[in-house]
Amino acid sequence: MNLHEYQAKDILKGFGVPIPPGEVATTPEQAKALAEKYGTAVMVKAQVHAGGRGKAGGVKFCKTPADAFEKATAILGMQIKGLTVEKVLVTVAADIGSEAYVGIIVDRARKKPVFMVSAAGGIDIEQVAAETPEKIKYHPVDVRYGLQTYEAMQLGFFLYQDVKLARAAAKIMQQLYAAFMASGCSLAEINPLVVTPTGEVLAVDGKMVIDDNELDRKPAVAALRDESSEEPSEVDARNNNLTFIKLDGDVGCVVNGAGLAMATMDLVKYYGGEPANFLDIGGSSNPEKVVNALRIITADTNVKAILFNIFGGITRTDDVANGIVTATKANPLKVPLVIRLTGTNEEIAMKILTENGFSASSDMDEAVQKAVALAKGGK
Amino acid sequence: MSVFINKDTKLVVQGITGRDGSFHTKQMMEYGTQVVAGVTPGKGGQTFESTVPIYNTVADAVSATGANTAVIYVPPPFAADAIMEAADSGVQLVVCITEGVPVLDMTKVYPFVKERGIRLIGPNCPGLISPGESKVGIIPGRICTPGPVGVVSRSGTLTYEIVYQLTRAGIGQTSCVGIGGDPINGTNFIDCLAAFEADPHTKAVAMMGEIGGTDEQEAADFVKHHMTKPVVGFIAGQTAPPGRRMGHAGAIISGSAGTAAEKIEAFEAAGMGVAKRPLDFVELIKARLK
Amino acid sequence: MNLHEYQAKDILKGFGVPIPPGEVATTPEQAKALAEKYGTAVMVKAQVHAGGRGKAGGVKFCKTPADAFEKATAILGMQIKGLTVEKVLVTVAADIGSEAYVGIIVDRARKKPVFMVSAAGGIDIEQVAAETPEKIKYHPVDVRYGLQTYEAMQLGFFLYQDVKLARAAAKIMQQLYAAFMASGCSLAEINPLVVTPTGEVLAVDGKMVIDDNELDRKPAVAALRDESSEEPSEVDARNNNLTFIKLDGDVGCVVNGAGLAMATMDLVKYYGGEPANFLDIGGSSNPEKVVNALRIITADTNVKAILFNIFGGITRTDDVANGIVTATKANPLKVPLVIRLTGTNEEIAMKILTENGFSASSDMDEAVQKAVALAKGGK
Amino acid sequence: MSVFINKDTKLVVQGITGRDGSFHTKQMMEYGTQVVAGVTPGKGGQTFESTVPIYNTVADAVSATGANTAVIYVPPPFAADAIMEAADSGVQLVVCITEGVPVLDMTKVYPFVKERGIRLIGPNCPGLISPGESKVGIIPGRICTPGPVGVVSRSGTLTYEIVYQLTRAGIGQTSCVGIGGDPINGTNFIDCLAAFEADPHTKAVAMMGEIGGTDEQEAADFVKHHMTKPVVGFIAGQTAPPGRRMGHAGAIISGSAGTAAEKIEAFEAAGMGVAKRPLDFVELIKARLK
């Protein structure tokens, strides 16, 4: 789950990271009032889950409250990478002497959180990594011990020669690490970390991505989810414990397991079709999930055929069969349905389906080819 | 005849009285796995299905029954603790089926398990099966049959799919290992490839990867330099749009190091067979067993 | 540093440990008022740094407020192992079904905090350890990981068969461990941990000993020190960074280093004398320490001779010499002084002493024999 | 000729610009120790005494100078971090002089150091000296002289006392190691006894213990079963009243396992010589060197 800049900054502030004052506005009037309150130049920054806000014109410097009003008017309602800007962050504009990058990600290979720091901040760290990799220092953290002061100081000295700045940066890195761990992040970054002309070290932008698996035990973090900034069908799916990603094709797919779901999409394409979505009903199944999956898929008017591909392990195929029966009884389908189903409790499932007038195959290639053909209006 | 588990595997089931735990314990028992104990705190002294003694702690279960392997079916918030409990109990192999374990929990669990020299498989995995000998986890037993192919996969149901197709084509397996799709797991492709290379009964290996990460590339490198046995690989997610997370934490393309194209290229560079779709495994493996 | 029961309980309560309500009283009137406020039977418990309060009559059950007044009158001012009771804890008397012991100490051999738990609580755990060692479970904690839930549950099940009680105890152990680590303890215990007839698990007594080395960085804990309950000369010494323990002999000893200080005491005894104290001026020395050491030792009228035994390493013997000169100029000594001094900057030190009319030896046995003789009035 | 340090010891001093650090660095340099670097954050680029380069971090110091040993003179709140920094920098030996390190810090530092296979001596110790070769710490150099006796002690100044008396009697030392009196330290008696047993130049060992703990008893057991060389022991605190803490965290008699009488008994049972007072070492060692 992505957090907005203002949310990430609120968390970081709670861990002691120095951040310029700022508040959220949803109207130009509010933005103007905040600029007046701060009595200094401000930045007005679009709060959307998209990178490249600056390039898209979503981040503006405002000298006066009137200026803030004007810029907020322009930014609010703007579209950035398909997302509508509903909120702006109005924040005191910091004097910027230098810009550094500080980030933490969970690294698969090292099996640890890894710091990435670079004195070349303010821009895409991916670009720095690609063009001048020597400007990035990577530092894995052993979570059994946490980030020690000496490690933070090594990172601080990588950014700054001056010991005062290095110490300030080291402290911020320890605070960032604490926030990262406490919030259940998979990524947390400060970009840019700024040194002002007076020698203050400040976090001018902040980003956090939360591991979705943490949300159940971190209700305060979970409450930060902003559903207004996401695809409604994906929100609906998530709220029903389904993993759903909308795509542009016409073959609706309901699969259990991410690997098989991807392989199913691949096979749809292999046989000349286009998947309409990725949908994983997950491991432990219950009929309700199937009902919700069908509701979400059929809401997409592009869908011309629906393909179930279920290989029962922990998922019981009889649960899936029951779900199909229940869902189609309540809301009869308007598009053809192809069912492929095998594995745990397959016999029971087949019986349920047959008794309710459905046919099902146990062969994946056969089912996919059939669904692709049906979507094309064939058969 | 197999890797990691065999006829001598004596299993303790953590979460034996839960919905999933009890269902799959019955399946494992039916398959012939020696399920020697179960654990559910507070149900110590009871029995499961009138035969399997239940204990309050894994330590109690192991000291009473000599279990050497633990399998975990507990909800995600308790999974990390369950893995550590198992790793501390004296068993040598811990298989964690639970899906949805926070990755930061695993940053702590991983060194804990490694320090004890224990093998962890998973989390978020279907477990493993050595056909005809033992099954630990949730892989449906009837889709497998004994034979010469080692199977290793990051995916659950995709593994079943491919094993099922191999079995239907008359190609049996020494062991099938689902290593799980989470960013941090206990056993990786290379661990399994090395085990299959060392297992005298394995003649070829089928390996199913996914987009995201670089495990498949490293595995390909291992195949190139350390494997004498033929390996056939597959990558799921060839058509996945970049930057979107496809369910598995693993199935996200980060940077440029995890696309299907790169991984397939690595397979080819290692001289591996490459399956374009699951069904292709049948012919590719068949050709390599001759 | 020892904490009083009420202080330890306050800390434990802050970590969530369930504890019967209680407050401190310094007068019988306050004790009575508290008993009235709680409206139930209470315990009145002497707050002194001494074990065996119960056996000494310092812990009493009081059915009524009048009873509490009477018992508090008896306990306040009472002497327990040489310490005067200045405060009592008035606490709601819990119904006691069973009593267990739960403690944590830092174990030298295992180099870890170690839990000790026993269902045989309420009495001296040393007695249980000596007589029925099988009734104690020891569990070392790897601080890199902390106390895991499964470990706490193992301990909980060692105490209680019932899973609800085991879970409650496990939670308390995790809270106790958190309090132990956060407060910088070298020991923390709950004895007894009580199960009430209604199945509540409660900490009825609590004890904490803080590692003195933690106090500088834990000001809130350091502030709990109750100097009124300690030997004044030892308080004075500690406040001046000296380690001082008053003994019954007549040879005052000023030594640097604990090992040498003990060996000096041993040697005093070897040559037929009796040391008046243990006094370690520590490593990094400055003249001020010597001044304070002499002040504290000479306040003891038993002292008949003073022996300095200084072997300079990190301690500079010139600092010690300067201290002797300064202190004796300000307050001329009334008892003879024997100085033994060698090591770092010995030449400078000897010069300072000679110039100021002191003689000094570099031989320990010689100096000790001389001091013993002087204390006996010889030479 | 020595254990742990010798002519090839290349030392980095942490806290080189502090009061104690600068004083004792000069002493070590005068003694002939190869002090190759110092560390004080913020003073990187400067030099100490115009000759020793100062770095901001130990890692920088080690990579620039090839230091293989670190000695720590930083205040107690920073000592644990300094030990870990040194242990992570590539040096093989870390000597922590600092007194007053919280014991809970050491519960964390100890496994950190062990995992890296580094030897830690201290904290709260005087360091060590191999007479004529190298001195790391604060043991006054002029009280030592080369010779055949290994010295190991929990105490600081008591070590000096005994070494001084040996030297005055013409008995030299291979190495003198002060292991420190804290409850948790990096190197114990047994580590040192084993090193002296393995050192061909050491012919006898002098060992100074204290009341508290059971380290001396375990050391005696080691002497009995694994040492061919004679060992003479001493216990400080024979007259200490029970239950009182005598300065050192070590010097407290807890339970019944740490009295002087018990320790002396263990020495005797192990066939060790027992010194009743420091001076006795001279005759006891002399007799054993013949």
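Order of writing sets the labels: A, B, C and D. Residues in every chain begin at 1.
Quick note on the criterion: a contact is a pair of C-beta atoms (placed from the backbone, for glycine too) under 8 Å apart; a residue touches a chain by one contact, two chains touch by 3 or more.
None of these values were measured; they are calculated from a predicted model.
K.L.:
Supply the minimal count of touching-chain steps required to go from chain B to chain C.
P.N.:
Counted as steps through touching chains, the separation is 1.
K.L.:
Of all chains present, which has the mean Cα position farthest from that of chain D?
P.N.:
A
K.L.:
When A-D is set beside A-C, which has more C-beta pairs in contact?
P.N.:
Counting C-beta pairs in contact for A-D and A-C gives the edge to A-D.
K.L.:
Taking the mean of the C-alpha atoms as each chain's centre, how many Å separate chain A from chain C?
P.N.:
Going by mean C-alpha positions, chain A sits 54 Å from chain C.
K.L.:
Centroid from C-alpha atoms only, then distance chain B to chain D, rounded to Å. What do you get?
P.N.:
50
K.L.:
Would you kindly tell me how far, in whole Å, the mean C-alpha position of chain B lies from that of chain A?
P.N.:
Roughly 28 Å separates the two chain centres.
K.L.:
Indicate the residues of chain D shared as contacts by at least two other chains.
P.N.:
Within chain D, the residues that touch at least two other chains are 108.
K.L.:
Any chance you could list the residues of chain C touching two or more other chains?
P.N.:
144-145
K.L.:
What kind of graph do the touching chains make: line, ring, star, complete, other?
P.N.:
Topology of touching chains reads as other, fitting no named class.
K.L.:
On the basis of the stated criterion, which chains touch which? Give every pair.
P.N.:
Once each pair is checked, the touching ones are A-B, A-C, A-D, B-C, C-D.
K.L.:
Using the touch rule from the top, collect the residues of chain A that touch chain D in their complex.
P.N.:
Against chain D, the touching part of chain A is residues 145, 148-151, 153-154, 157, 163-164, 166-167.
K.L.:
Considering only the defined contacts, which chain A positions touch chain B in the complex?
P.N.:
On the chain A side, the touching residues are 106, 108-109, 111-113, 126, 129, 142-144, 181, 184-186, 211, 213-214, 216-217, 243, 245, 247, 255-263, 265-270, 275, 278, 280, 282-284, 310-316, 342-344, 364-365.
K.L.:
Quick check: in the complex, which residue numbers of chain B touch chain A?
P.N.:
19-20, 23-24, 27, 76-77, 97, 99-104, 106-108, 110-111, 126, 138-140, 143, 153-161, 164, 181, 183-184, 208, 210-211, 213-215, 234, 236-241, 244-251, 255, 276-279
K.L.:
Using the touch definition from the top, list the residues of chain A that touch chain C in their complex.
P.N.:
144-145
K.L.:
Provide the residue numbers of chain D that touch chain A in the complex, in ascending order.
P.N.:
41-42, 44, 56-59, 78, 81-82, 84-85, 88, 108, 112
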